[in-house]
Amino acid sequence: VTTERLEAFSDGVFAIAITLLVLEIAVPGEHTGGLAHALAAQWPTYLAYAVSFFIIGIIWINHHAVFSVFERADRTLLMLNLLLLAWVALIPWPTSLIATYMREGGEDEQVAALVYAGTMAGMGITFSALWIYATRRRRLVAAWLSDEQIRARTARFVVGAPLYVVAMAASSIAAVVSVAIIGVLAVYYAFAAGGAALHASEVDGMR
Amino acid sequence: VTTERLEAFSDGVFAIAITLLVLEIAVPGEHTGGLAHALAAQWPTYLAYAVSFFIIGIIWINHHAVFSVFERADRTLLMLNLLLLAWVALIPWPTSLIATYMREGGEDEQVAALVYAGTMAGMGITFSALWIYATRRRRLVAAWLSDEQIRARTARFVVGAPLYVVAMAASSIAAVVSVAIIGVLAVYYAFAAGGAALHASEVDGMR
Amino acid sequence: VTTERLEAFSDGVFAIAITLLVLEIAVPGEHTGGLAHALAAQWPTYLAYAVSFFIIGIIWINHHAVFSVFERADRTLLMLNLLLLAWVALIPWPTSLIATYMREGGEDEQVAALVYAGTMAGMGITFSALWIYATRRRRLVAAWLSDEQIRARTARFVVGAPLYVVAMAASSIAAVVSVAIIGVLAVYYAFAAGGAALHASEVDGMR
Amino acid sequence: VTTERLEAFSDGVFAIAITLLVLEIAVPGEHTGGLAHALAAQWPTYLAYAVSFFIIGIIWINHHAVFSVFERADRTLLMLNLLLLAWVALIPWPTSLIATYMREGGEDEQVAALVYAGTMAGMGITFSALWIYATRRRRLVAAWLSDEQIRARTARFVVGAPLYVVAMAASSIAAVVSVAIIGVLAVYYAFAAGGAALHASEVDGMR
């Protein structure tokens, strides 16, 4: 399995997981007070769709940026990538869970937020492990990547996993706090630092 | 992320969204008067399938035509494309919504049409924004594309977004008017003008 | 849109439609007489899965064989291909319909068979139209394909569409007759003639 | 159809089947004793998701390793591959079946395990048949693969099919025994021997 084939397969899983999110948005059946009311009442569903779509999109962008610096794959990388994909493909489920129970509130809402944050933590820890495995003693990285560049990206990676665990703990305070931490992390990985991705300047120059 | 990878990922989302539409067509369960009757009664579902399949197909064709004139991608383009895909992947939901409530009529039908037109407006505005961002001061376009060609395509793009908003407003008159405007726009982008796509003559000469 | 991009997008739709078929196989819920009984009772579902999987697979094989002789695409080809994909992506629905109503028998069974055969007829007629459009006066075919080869393939194509219509008519006699005709046609296109595909000898020599 | 196109299409089916697994994980509706309880009660669903995700991933890895040693495809290989994909695409169904009935126990649990093991047996036998067909008298293999390498891989393949049949028989003792055998086989194909895949040393050196 070449890294190219690995990326094509991973792309497929990302594209499907991101598109399956729409299946969690229900078409209201029996309802009182008009369809407009029924649609407005399920606002957490739209929010969850938007947030999870955005998050999977960011993971996909960073996944490519990461694999573009690997020059070969070994069996362990295959397995770590498979584990990462298992977390990504799971995302539609906690998304649906939190969308359902944010409407209910109470303790169930906190449990849903815990599961959502837990899935993100699982994803984040696996992604960090994959990066560290591949770059340890320059195991799989291309020659053109400097040691300094590796260190800078490792730093950006390492910040994510513990914060996802903080988001899990925060779910015992309020679901909203938990979700807010995850949202801020997503924006951080998308814009501020680019996660394990190249710096904005590097991406700009890419073909 | 190269524009090629970006297109491959986008292709995946388009292909999945277009194929998920079929899940909205129900197999009639309990019914009186025969299966033929039950199948005939859900005619709006078939219409909605056909229209949405056609629309996603047209967006896909124009998406490729647009990206074929870009010679590189930057982070903002990635984000705008992700937002565009979020609208496209959403389409099966308003499709199911309008198919369900066109059978019911009344105010709910108008709400469903509003949501359908609103999704198309969101898609159209995002697509226009993506085009304008990428072509502004020739930011990401290939050298072989003349300024005149850019202007001609911008004109074709710009016509869509306000008309989708008109389709939203028209839903307050009747769902049918709203859907008709969207249908005419789809045919326009498919045949008459080719939307942001190349002219028919240019496509004919493409490999 | 190049023919390569067209094929990649079509591949995506084929792969998704063929994999969505599994969603039509139910996990028995409440039941009496044991799970083994409940599973055995839904045998038409397994048959329908196998037949439809095989049919979509054959269409995919022939789709590639056909597009391998085209050297370019025009807008009409894009539209005909989109229409073909709309029929292919629809297949999971009549598959589920016939699987449900073959268990019931009577007139509903015949209606289900009519819809199944009708979907295949729509697909077959569209595929023939696509082939005839593209090969008329050698419009889009590669130079290396002889006129004789075109004629031989056209003959194999043309035989399908009317037989699918016969299968539709046969549904008024019995659903089984209708399904049998479709099954024989699938085997014909798979083995005997290769449909619009290359002859077995040609495929054998392909890389 | 080239082996490259064959692999791309197969990749699509693998990616979709593996991602559809998530649809089998339910969001608990009405429940007593809190969401945490309801989620804990459906633990077999998570186990089934993890095991099936891992198994489809391993099959995908081995599929690529196998096709990388073929230098051409013929019609019989296409058909055998289509049959293999039919088994793979089916996996979400027995996964859901065993997840549902492991919670119930009793005879139904054994039937569910029988169907799960039977699907794996069908997949394993088809995969072995495909390998044997393609390598018999070096029919489709590349010149660089030695006869000894073929024999070594055949040996690793041949071990699987009978063990899957043993797993089927074991379901009459207890579902757990059956699932354990399948799990051990998956680990064997993933790590110990690499199934029909290249040895770990060979993969390490691949680009």
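Letters A, B, C and D mark the chains in the order given here, with residues in each chain numbered from 1 onward.
Going forward, a residue touches a chain if its C-beta (ideal position, glycine included) is under 8 Å from a C-beta of that chain, and two chains touch if they have at least 3 such contacts.
Quick caveat, the model's predicted, so the values are computed rather than measured.
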Outermost chain relative to chain C, judged by CA means, is A
Chain centres from averaged Cα atoms put chain A and chain D apart, in whole Å, by 26
Distance in whole angstrom between the CA centres of chain A and chain C is 37
Flagged in chain B as touching 2+ other chains are 8, 12, 16, 20, 23
Contact graph of the chains (line, ring, star, complete, other): ring
Listing every touching pair of chains gives A-B, A-D, B-C, C-D
Listed in rising order, the residues of chain B that touch chain C in the complex are 7-8, 11-12, 14-16, 18-23, 25, 27, 34-36, 39, 49-50, 53-54, 57, 60-61, 64-65, 190-191, 194, 200, 203-207
Listed in rising order, chain C residues that touch chain B in their complex are 1-3, 5, 8-9, 12-13, 16-17, 20, 23, 71-75, 78-79, 82, 85-86, 89-90, 92-93, 96-97, 100-101, 107-108, 111-112, 115
